[in-house]
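The chains carry the letters A, B, C, D, E and F, assigned in the order they are written, with residues numbered from 1 in each.
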Amino acid sequence: MTRYERGMKKLEEIDGQAGQAVVDGLRDIAPDFAHYLIEFPFGDIYSRPGLDLESREIATIAALTAMGTAAPQLKVHIAAGLNVGLTREQITETIMQMAVYAGFPAALNGLFAAREVFAAH
Amino acid sequence: MTRYERGMKKLEEIDGQAGQAVVDGLRDIAPDFAHYLIEFPFGDIYSRPGLDLESREIATIAALTAMGTAAPQLKVHIAAGLNVGLTREQITETIMQMAVYAGFPAALNGLFAAREVFAAH
Amino acid sequence: MTRYERGMKKLEEIDGQAGQAVVDGLRDIAPDFAHYLIEFPFGDIYSRPGLDLESREIATIAALTAMGTAAPQLKVHIAAGLNVGLTREQITETIMQMAVYAGFPAALNGLFAAREVFAAH
Amino acid sequence: MTRYERGMKKLEEIDGQAGQAVVDGLRDIAPDFAHYLIEFPFGDIYSRPGLDLESREIATIAALTAMGTAAPQLKVHIAAGLNVGLTREQITETIMQMAVYAGFPAALNGLFAAREVFAAH
Amino acid sequence: MTRYERGMKKLEEIDGQAGQAVVDGLRDIAPDFAHYLIEFPFGDIYSRPGLDLESREIATIAALTAMGTAAPQLKVHIAAGLNVGLTREQITETIMQMAVYAGFPAALNGLFAAREVFAAH
Amino acid sequence: MTRYERGMKKLEEIDGQAGQAVVDGLRDIAPDFAHYLIEFPFGDIYSRPGLDLESREIATIAALTAMGTAAPQLKVHIAAGLNVGLTREQITETIMQMAVYAGFPAALNGLFAAREVFAAH
């Protein structure tokens, strides 16, 4: 199995359909970047043993909430968190905790993203 | 039990001695801030049910690695991660994953912080 | 008076109706977080003596402009600045100064937020 | 030639009409800031010898992509890059490279901005 | 009076000797940048009416604490705050408030910078 | 030629010895991460046609200066810039320009990093 195949399989496990949508969205601007996106994050990193997918999604939700610069990707990973088995409570607890490390606005914006994703789920 | 007492108990569970050191370090500059630090992050947030301490430390290590602006606090929480039962592997996996979301320099600086904390442990 | 009561009173003094709107917005996603938001920022911090509310709003407007990751909260605090007695000039001077510390795009985006808030006021 | 005249000339060389639009947009909120924006960035910095305009736009596109807090300005500079002679490929390569330094979401959001600017060009 | 002269006078009013030290430090790497640093921030911005120097230093201390990427400059402006008449309490209140907007680590690192500056003053 | 071999060759072209030093530094904490670091940034990205190495280093120096969270990596890439043929002037111009986009402290800290690298070169 190539890195791309392994990454695509992992991405589907995590994101359902969202993975293919990103690949499609990059087709006319940077098709090679879609390959890198499948290969390194999903084929290399998320496919590693040593940290389960629930914990990986907690880490990603925490980081994207704290950074506050990647709203679309935060929403994708809140949905991914639900997909891999996190409860809504685990997700909102993770986001609320970011008030401590990145301030209340970061946590508030994360919670509003979660509300939107939960409503659509 | 007051928020302060609950926070101090939780901080000792997580950080061992490090909590008292921070309180002492703030005594001559902003003693009230030491209270807030015990009360809100530890008395309110970390004391909540709904997310276990291992997951809370994964979230914090991820966020502080990604932000890249809080090296001393990242080291405290890498040590805290070990204290609450995370393996070294879980911690380095969390940090490595941040290369995807915050870039390779953030992950590299996080790994070097972990190397330092692991060596002292 | 509890921290929550003191915070709610302070928040109303600063934000008028906006405080209740945020509490309402959190009700179905993270009601406890609304409590923390009233208690720590407003019940603890903004209620402290030692820095007047005008100065506190200058500090917040400066920080949120510089960070550039919290547009909704920046707008709330530009309105709050007017509420506590800052002039439009003091607010735009604060935002313009951020060009020095966080770059021209941060200041520009802050000024456009102020234009929007001033127009609605 | 004053700094303002030199800056306006340079800005027109780089941005075409976009410069005048920004000046107009600031007229009712902070007209002096429009002057600073013409004078320091364009009259002082972009007018310096020692780095050609293509390289200056690569630097700006890279920085704004990596920071992730200035979407409108990133779009202006992607268009400016095309104006001063960068190819679409040079621009997308610059943005893709930011995945290494600021993470995949920053690069993705930059690529989507480029797709929008290229389509309108 | 030129912008440079006005800026140098303002910088001395704010920073005492620190201004000349920065100019000297840039001499062998980027002497022109020392000129820009005197002219735009101090000759243009800090020399404007409409916001007093105490408020300007509160804005700068708040922003640099929140950003967390400019420790040397934060220390310069904590000292500058004392020079223009802020009390230690006003400075520590400003920094503590940043816990709300940028998280506890940012505020902690700001307080430790203040402790260092106050001790040397 | 594998991605790792291509990456190692490219990294040596850019960084001279520094590449091997990073690989060595990761050996006892996260040896797999050294592989990713060679493979994705250098084997995939820097090896792409469409943007020459001088432009790639300008992009990286700009981004790391603007971000302000990766001082060690900024120094490595200032040295790399010299290695691939950038002049000192091109490097300082790139860094100075970041005052416009990320503020004067970011540019100042970048210039001081350049002074250190140039002195050691």
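Operating definition for what follows: a contact is a pair of C-beta atoms (placed from the backbone, for glycine too) under 8 Å apart; a residue touches a chain by one contact, two chains touch by 3 or more.
For each chain, UniProt lists the protein as follows: A, B, C, D, E, F = 4-carboxymuconolactone decarboxylase.
Being a predicted model, the structure only gives us computed values, none of them experimental.
Asks: Give me the chains shared as neighbours by chain B and chain F.
Replies: Common contact partners of chain B and chain F, which must touch each of the two, are A, C, D, E.
Asks: Check every other chain and keep only those touching both chain D and chain F; list them.
Replies: Correct list: A, B, C, E.
Asks: Could you work out which pair in B-E, C-F or D-F copies the interface of B-F, where over half of the contact pairs coincide by residue number?
Replies: Having compared contact pairs by residue number, the answer is B-E.
Asks: Relative to chain F, which chain has the most distant C-alpha mean position?
Replies: C
Asks: Looking at chain B with chain D, do both copies bring the same residues to the contact (over half shared) or different ones?
Replies: Same, since over half the interface numbering is common to both chains.
Asks: Can you compute the centre-to-centre distance for chain A and chain D, using the mean CA position of each chain? Integer Å is fine.
Replies: Chain centres of chain A and chain D, defined by C-alpha means, are spaced 30 Å apart.
Asks: Note the residues in chain B that touch 2 or more other chains, in rising order.
Replies: If we look for residues of chain B contacting two or more partner chains, we find 32, 36, 40-41, 45, 48, 64, 66-67, 69-70, 73, 92, 96, 98-106.
Asks: Over in the complex, which chain D residues touch chain E? Could you list them?
Replies: Residue list for chain D touching chain E: 32, 36, 40, 44-45, 48.
Asks: Name, in rising order, each residue of chain D that touches chain C in their complex.
Replies: 22, 25-26, 28-30, 32-33, 36-37, 41, 64, 67, 69-70, 72-73
Asks: Flag every residue of chain C that touches chain E in the complex, lowest number first.
Replies: Going by the criterion above, the answer is residues 40-41, 45-46, 48, 50-51, 54-56, 58-67, 70, 73, 87, 89-90, 92-94, 96-102.
Asks: Which of the residues in chain A end up touching chain E in this complex?
Replies: Against chain E, the touching part of chain A is residues 66, 98-106.
Asks: Which part of chain C faces chain D closely enough to touch in the complex?
Replies: Going through chain C, the ones touching chain D are 67-69, 92, 95-96, 99, 103-109, 111-112, 114-115, 118.
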